[in-house]
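What follows is a set of structures for review.
Two complexes are shown next, each including chain A; its partner changes from chain B in the first to chain C in the second.
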Partner chain A sequence: MKTRSKLLVHAALITVSLIMLTPIYWVLKTSLTGENLFTYPPSILPVDPNLYYYVEAWYSVSFLRLFFNSVVVALIVVAANLVLNAMAGYALTKQFPGKPLVLGFLLASMMIPFHATIIPAYLLTSQLGLLDSKLGIALPALSHIVCIFLFKSNFEAVPASLIHAARIDGLSEWQILTRILLPLSKPAVATNVILSFIWSWNEFLWPLLVVRSPGQQTMPLGLVAFLASFEDTTGALYAFCVLVVLPGLLVFLLAQRDFIRGLTSGAAKG
Partner chain B sequence: MSSPVLEPVAGGGTVAAAATAARRGFFARRRSREWLFIALLLAPALLIYLAYRVVPLLWNVVLSFSYWAPGKAIAFAGLTHYEEMLFQDETFWVALKNTGLFMLATPLSIALALGLALLVDQKVVGKGLYRSIIFLPYPMMVVAVGIVWRWLYNDRGGLVNYALQSMGLISRPIAFLESTQFALAAVMVAAVWQMLGLFVVILLTGLQNIPSHLYEAARIDGALAIHRFWRITLPLLRPSLFLCVILGIIASFTSFDLIYSMTGGGPGRATELLVTYIYKQAFTLTRFDYAAAMTAVMFALFLAIALLANRLSGGDAGKVDIAE
Partner chain C sequence: MKPSVLLLNRFTLTFAAIGLVALAWNLYVAANDDGHLSGRVVAADGAPVAGATVVLSRKTVTAVERVADTVTDSAGRFAFEHHGQYAVVLGARKSGIGSAPRRTVRLWFRDQNRDLAEPLVLSP
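Coming up: the complex of A and B.
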């Protein structure tokens, strides 16, 4: 009886897993065989897989430039998030007048979806003269509130006696943050890096508004431009999709625990 | 800032009093220096939220009551834009209706996710693997996900049509994304496919936070599994469920990438959401003022629904605050 119910659980989970994996498998298969509008019925297993469409994708768009742009924006975003969120998180571990106000401000800001601010955000960026620049793409994402609170709770978990001892040893507040707290908060650092990287890498709407020249396009913009000019007539589109999705998936697979902790911190009362 | 330490001690004070005053002055100076330090730590992050969240929200409201276009002077418009939106613009209502329909995917996917989370939470072999597989679509770039699903829905060799035909459910392929009947549902399926893993992971965390002694006590009292679910699991899972509801609602107001890459809002207006319609009004027709009015309505709706969800979840869902 017990083994039978366990088998049922497995059967259900395997079915769902297969359904979840099918689209991923299908795009991989198409990118390797290019089997597209020309064959019906489609074959389930890849026939004669090759990398032709990856080469085609590489040469039909300036792939390296798109990649470079996305990476630079992501680097700015990740670095800024690390510094700004750690600083703010540290400040929030302390008592100061107006702290409830600051907390309220942050929680209220968290309830404002970025999509509800795009028009003035665009006008503001335009006023700053940052349209069509990498800094302009990065600017609204330089800090994520979730990560501030993640740092805060990680810092609070560090024993107060340790900080006290460091203070007696003559370390300044800044040194306490950089030499004691940050090295002790590796999970928060990892989560911060991973989340801000993936969010920046996948961001589409904001770069779509800010970028004007093809020279500043990031990966998703390149992908959409490719779709617009080739429609779905070539396997190269799917090879492009696979390449674009890969960094996000890799980061997730390599650092699953940190990733998931960041996303669920709200549920876990971190 | 003058230092109180140097001030003469009033009333011919003793040495002790002077020392206290000095100490107080020292601490006051230290404290104000610490406050300055804290302010400096907070300033950059707060500035970003001020500039890219709070100010835009207010600016947006101002814009919604004005006539304005880039390069033109601003003029007061009163309720003109709101009147146009509510009484003349049929597409706004279509977009609003579609956004509401899109929101219906949230309870469905939460129910599904809850079922899956309960299954994964059993002591089964490979539960980490199942969790990872179900979560896998979430970190993928939405635009790419949209393109993949376009291909799956294709009526000339797409997998969905092929599967439905081989199962004998349909006789001729359906161009899902070009049909006014199916397009929105088809996009919603793709959205659920991507969001499901996030819900599962959030609910799993919630499940694991429920103290196991509650279940043991219930078991000793002879409570049935179904009662344990209704009386223990569900009430204690409330904060996690609330988080999922909020994320689902946000998704229905922000699923721009998926619509853009899958249907562009078409066919006709069949998949036009508020967010895509706002984008079109603002950035292809440069009607920033009118789009701002729609954005204001969209945000008000979002807040109202989020507060309602909070109320329905028992009001204590506010405690999910990660500030706690």
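Coming up: the complex of A and C.
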């Protein structure tokens, strides 16, 4: 590529990046300055930035309780996704009667929005006695079909000869999965961890339905409670938003290299 | 998998670093959370004012609520203990001299010990 066209591509990419980063910058700036959203003219750079709004956000709601609940739910979801999706993905690499039907069923169910199944999901959770519990919040997110197919495509990229050799050496199917396939599919594991963590962390509608006591509230519910109680404290509200987003961002930044590899590897198969 | 691989990867190191910072911060908070808030009250000419009433309040969504009050000593100094707030509003007045405008003092944590460098200035 010529230098000029490279420059143009980079300029376009930088422009798009800046446009996409502007709202995030604005949230961060408001959390440090408390500037009202409707201030005119708005200041581009933060004026007299400070971290006191974070202190206010911390003490205004039971932040540690919300954080602990979100972490527990996210850990349940991530662990369940790793185990269940890996097992399902491995099963789908095998040939068995009715496999096309199972694949078709899984793909078709991806097209049904969660909102359409929310009433049966609620009734099931209720009958299991899991309403207003962390396991109940995690229940519908214990497995994601997208992640099952991610594992499937990654496992299919592993040479079959390796699996045959492992089987000749006497490894059981479970040992092949845990000792051969999963260590060779780190990008898929990272992608599963990130996606399930972020989806669980940001989930709002389902926890809103199943949580009844403040003791089980997660961070997004706490954010709404905060908004309802302290609607005139712009700085603290935005500080709370940053605190809600930060863990997901941190996990993504830590695993982004494997995440991108996980999304692209096996893309030609599947 | 070697134990060193589990211990020395970016996930473990990052979360360990966050844990250490949180631990250090909590130790600092535990050592400095007696709720000791002190300062001085001076007149417009800078002279210390003895016997001025200093009121410590907290701001709520709708109002400013009085939490405690005290009187300055002969050097114009005042102190509050165990105020239990993370942001306070201080005001001072003395009849015959005047009053100081309310000043919001924000703290880094609840009951943080702090000695105010800037005095409360009474003016007519």
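Convention: the second predicted complex is superposed on the first by the 231 of 270 C-alpha atoms of A that agree within 3 Å, B and C clash if a C-alpha of one lies under 4 Å from a C-alpha of the other, contacts with A are read in each partner's own complex, and residues count from 1 in each chain.
Operating definition for what follows: a contact is a pair of C-beta atoms (placed from the backbone, for glycine too) under 8 Å apart; a residue touches a chain by one contact, two chains touch by 3 or more.
All values reported here derive from a predicted model rather than from experimental measurement.
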**Report entry** Which of chain B and chain C A:E56 touches, first, second, both or neither
**Finding:** second
Query raised in the report: Of the partners chain B and chain C, which touch A:A138 in the superposed model: first, second, both, neither?
Result: neither
Requested in this report: Report the partner of chain A that touches more of its residues: chain B or chain C.
Outcome: B
**Report entry** Which of chain B and chain C A:A188 touches, first, second, both or neither
**Finding:** neither
Query raised in the report: Between chain B (first) and chain C (second), which does A:L66 come into contact with in this model arrangement: first, second, both, or neither?
Result: neither
Query raised in the report: Once the shared chain is lined up, is A:L254 touching chain B (first), chain C (second), both, or neither of them?
Result: second
Report task. Examine A:I163 and indicate which partner it touches, taking first as chain B and second as chain C; both and neither are also allowed. Result -> neither
Requested in this report: May I ask you to decide whether A:A236 touches chain B, chain C, both, or neither, giving the answer as first, second, both or neither?
Outcome: neither
Query raised in the report: Which chain A residues contact chain B in one complex and chain C in the other?
Result: 232
Query - Of chain B, residues touching chain A in the complex - result: 34-35, 37-38, 41-42, 44-46, 48-49, 51-57, 59-60, 63, 116, 119-120, 122, 124-125, 130, 132-145, 147-152, 154, 156-157, 159, 162, 166, 193, 196-198, 201-203, 205-206, 209, 239-240, 243, 250, 253-254, 256-257, 260-261, 275, 278-279, 282-283, 288, 291-292, 295, 298-299, 302-303, 306, 319-324
Requested in this report: Note which residues of chain C are touching chain A in the complex, please.
Outcome: 1, 10-11, 14, 61, 86-87, 106-110
Query raised in the report: Across the complex, what residues on chain A touch chain C?
Result: 50-52, 55-56, 59, 183, 229-230, 232, 250, 254-255
Query raised in the report: Residues of chain A touching chain B in their complex?
Result: 6, 9-10, 12-13, 16-17, 20-24, 26-27, 30, 35-42, 84-85, 87-88, 90-92, 94, 96-97, 102-103, 105-109, 111-124, 139-140, 142-143, 145-146, 148-150, 152-153, 173-174, 198, 201-202, 204-205, 208-209, 219-220, 223-224, 227, 232, 237-238, 241, 244-245, 248-249, 251-253, 256, 259-260, 263-270
